[in-house]
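Okay, so subunit A shows up in both of these, paired with subunit B first and subunit C after.
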Partner chain A sequence: MTGLKPKKEAGKWRFSVLGLYIQGVKTALASRMAYRGDFIMSMFIMMIVEFSGPVITMIIYGNGASFPGWDMNEVLLLQGIFLLSRGISFPFFMGIVWNTIGRVQEGTFDLLLIKPRSILLMSIVTAFDSEDLGKLIGGILVLRMALKRLPEQPLSHWISFFILFLFSIILMFGFALFMAGLGIVWIGNYRIYEIFMSVMDFGMYPKSIFSKSFQSILTYIIPVSLLASYPASALLGSVDKDVILALLASIVFLLLGLCFYFKIVRNYTSAGG
Partner chain B sequence: MQRAVMKKGNSTPRVSKAVITATYKENFAYRNQMAVSIFVQPIYFLVHYFIWQAIFQTRDQVSGFTFDQMLLYFAVSSLVEFMNWDSSGNKLQRLIQTGQFITFQLRPVSHIYFSFCEKIGQRILAFLVEILPVMCFYILFGIRLIPAKPVWAVISLLLSFVLSFLIRYTIGIFAFWFVKTDGVSRAVLLLTNICSGAFLPLNLYPQGFQKFLFYLPFQFVSYVPVRVFIGHYELAGITMTIPQIVFLQAVMVGVMFLVNRALWYLGIKRFAGVGA
Partner chain C sequence: MIHVSDLKKTFTSYERGSSFGEALLSLFIRKKKIIEAVKGISFDIEEGELVGFLGPNGAGKSTTIKILTGILHPTSGTVDIMGFTPWKERKKYVQNIGAVFGQKSQLLWDIPPLDAFYLNQAIYRIPDSEFKKAVNDMVEMLDLKDLVKKPTRQLSLGERMKCEFIMAMLHKPRIVFLDEPTIGLDVIAKGKIRDFILEQNKRGTTFILTTHDLEDVEQLAKRVIVINHGEIVFDNSMDKLKQHLGEKRTVHITAKEKINLENRDGIVVRKQLSDYDIEVVIDLSVVKLNEFIQKINEESEIRDIAIEGPELEQIIMKLYSV
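On to the complex of A and B.
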């Protein structure tokens, strides 16, 4: 009788959100390990790819050119934050995009819909992208390199940075929801990624280099500035007051993403199989 | 008589026409996917526009490029990229991995030729769906898309079309050894993007690295056709006339073809059709 209790506890844990997620991670890693040489190489390349943005910045500054108001290390810090945000999002939840597109195309999305858990949770659980851990490592390395070259920042800057960085992840999740929703309607189109990646590209550079109208779009409509520009400014102690509106915009963006995703799922009538 | 009919049916122009038409029609069903570029490319270009506009606020030239020349470089480079894109390497890898490649061994047409015709069919559609609309955007943006030497520019673009195919197809051949080549493919794609000038004009890189790049085939995929389009070639302090660099590009296509065939010869011996 007493032996049943730990078993019950273990079952409870296993079927909790975190338990399910960990099982998903284990399964994804195990299946990717079938071609481990290719996996390691892919992960390494993912990491190297992340350096391309900072390398371009270094080349630009190496040629004597610069972004007005930003020195090279500050831009590298901004790009490191951007890459870290991407490095967390892509392996851990951005996989719902390709997972949804692939499953809708094959007809196996229906199998997720009949599981006794939320479709969003199931889409995330079955979409852990182990190769993208390379992005995370790349992001950490760039950020570390930039931080080493900059003067130490006070704790208050770090606290505001972490708050803004959290919103950066929230924004990424909003993007993932919109992309996954579009993936259900736009069957088999993996280029949906490109649409959003191109928009995200605006976040990899200081907000101040864009025209005023673009700055407004990037702050209040699609708050891409929150991906890196604002967190970097917060860490450097020069964040402007528009950040509050950007934070609100990111919450609205997430809510719209959730509404969009669940509305599309409700209207889904199966496409393949 | 029957042999003559068979021969006519399998003649090279007929096969190529059939493959090109079939690929065109097949891709036409997914034309919306190609059309994504009409949205994506202008955004990427705008990002570049703002980056370089900010940089040129503090100076008139960067490595010999004026602001307008830099925009022209990125515009032409993106068009070259659209024209050269192909998935022949990935397709070949999948065929080898699944064993379906065996069906090509039984067909009376070489796979490389078949694959090249597929690329032509696909890119003809891309020209209509992706390249023309993006060109219109550039023209509306005020980019003067007029080649300095039109005949040499066309030759150079055609050579880069063939060379990019050979590079991608050669990566696919590695599947005979590795089965899954996603990693190798990504590595070469990254190397191509960095070393071909798709990210940045190659003469912005450090001088030592430029010298290294000069001897690799990648510059002939993007940097050379763009420089031929602009009408002036220079890398690592080496200046060449347009006919000279186009000749060198043709030589590189020949070298790459020989490398491709040598690898094919070695790889095909390893194919056992497992999974078919």
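On to the complex of A and C.
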């Protein structure tokens, strides 16, 4: 037997959650690479599209305008972090949104429910989106460019950054859970994704450019400022004390997302026979 | 093995209307409609049975199967399958079941079925040795050879369906749910799939077959459960099902002399092809078959005769129209 055979590993780690996920990624990559030209082109386009935000920033600063309290390289750093957060979440787990919407619409969500694994894990395993790796490459390139132009940061700043970046990913996962759950309730509603993208776009700019009341919403209710603004501030050593509340809000957001998702799955009615 | 008691499932649906005005109105005001898909059904299935689960579209059979596979939660009632309540212990339970959906593929379109099998190996935690043996055995039984290494999109419908069976049975499930497993297949592919099901059943796998193909039912099922309007209208053996319309036989006779069988008790003329060629349905509770043949032979001298049992289609139609 040949094909995507798992390597002969000692132990049974490949039947673990991570092992299953890696097998899912390999399967998705093999599926996508069946059309090589389209695969490479899509990844390239995804990467180019991601550059639009930083390019706008450069145009703004090039014309003498600025975001208050942030110089151009700092904003590019923030946007690089934002793209990196998207670059990790979109290919690796955000695909559950359209995977769920599509499967519920065609009735193949049932096929995931007859597998002896968590439905959330099955939704993630079957949703790896290789095209979005372009986002990851784009994020790394913008971040690298910004870091080169900024002074070196001490280790403590980097540690704070990594912790906050982890919360950025947690927040994205919370978003994914809400969107996927809504995809089960509102069958075939792809607008959910567009609403999510619009809300998320607020995270691409420094928190300080918004009004005080809107900053509160972006910190305590839907803590979008954790996506990039806070991790960037942490790396630059200028994070404010409200970050603790934003972290708590992101944990609450994730827990609510999990409750919502599993409650909706429990009430799933499936498509007609 | 399977115990189902007073199982009920109701859905809430919303009436939308057909006209543009009604559709527009439904954006703001929606009329709730409660649909009783399953109305308190009960049945038991023993280990090793091969049961046909039939019913017209919308009868509630898919809903029942989805509850039995742990996909749906029922409104009320109890289900005990191998000691599990499917919707409460879904993950442990589904490790022991398999499912083949004729209209929903578990294969992946652009890669070979073998790669999809590897994904299932990881999902079901099947050790390498068991996995290889299961794949090789089933590939041989289904006569697939190297086809499992070709991209799924290049396979015929019959070959794909065979691969669906491998996909569903790699982990050696004790119960397999089949939903229209031979839909759209040619006679040869149907035959191969049916042989495979019978062979697996002989080895102890319990099958629950949902289909509209009555030939599948006739050739595979030993017991039939018919559901209509969310209720069980028949649950018995295939033989009993055939007796459901009464003990009737269809007799086709070609004779040397003219045949006249009008206005005779227990005999209904179905087709009069010519004066010498006739098809009748005989009610054996009124007329004895040997006496009937003897009488016709005396009257018209039989040249050829064919006797058939009741047609399953007629019986099912009668049950569906209840």
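Just so we're on the same page, the second predicted complex is superposed on the first by the 260 of 273 C-alpha atoms of A that agree within 3 Å, B and C clash if a C-alpha of one lies under 4 Å from a C-alpha of the other, contacts with A are read in each partner's own complex, and residues count from 1 in each chain.
Here is the rule we use: contacts are C-beta pairs under 8 Å (C-beta built on N, C-alpha and C of every residue); 3 or more make two chains touch, one makes a residue touch a chain.
Not measured: the values here are computed from a predicted model.
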item: Which superposed partner A:Asp201 touches (first subunit B, second subunit C, both, neither); value: first
item: First, second, both or neither for A:Ser66, with subunit B first and subunit C second; value: first
item: A:Thr108 touches, of subunit B and subunit C: first, second, both or neither?; value: second
item: Which superposed partner A:Tyr35 touches (first subunit B, second subunit C, both, neither); value: both
item: Touched partner set for A:Gly237, first subunit B, second subunit C, both or neither; value: neither
item: Touched partner set for A:Gln23, first subunit B, second subunit C, both or neither; value: second
item: Contacts of A:Arg14 with subunit B and subunit C, given as first, second, both or neither; value: second
item: Which of subunit B and subunit C A:Pro116 touches, first, second, both or neither; value: second
item: Set of subunit A residues, in rising order, touched by both subunit B and subunit C; value: 35
item: Contact set on subunit C toward subunit A in their complex; value: 11, 57-58, 61-63, 65-66, 69-73, 90-92, 94-95, 97, 99, 101, 104, 106, 108-112, 114-116, 118-119, 121-125, 128, 132, 135, 149, 151, 179
item: Subunit A-touching residues of subunit B, taken from the complex the two chains share; value: 30, 32-33, 36, 39-40, 43-44, 47, 50-51, 53-59, 62-63, 178-184, 186-187, 190, 193-194, 199-200, 204-206
item: Interface residues, subunit A side, partner subunit B - complex; value: 35, 37-42, 44-46, 48-49, 52, 56, 59-60, 62-68, 186, 188-192, 194-195, 198-199, 201-202, 205, 209-211, 214
item: Complex interface listing, subunit A residues touching subunit C; value: 1-6, 8, 12, 14-15, 19-20, 23-24, 27, 30-32, 34-35, 106-108, 110-111, 113-118, 122, 125, 266-270, 272-273
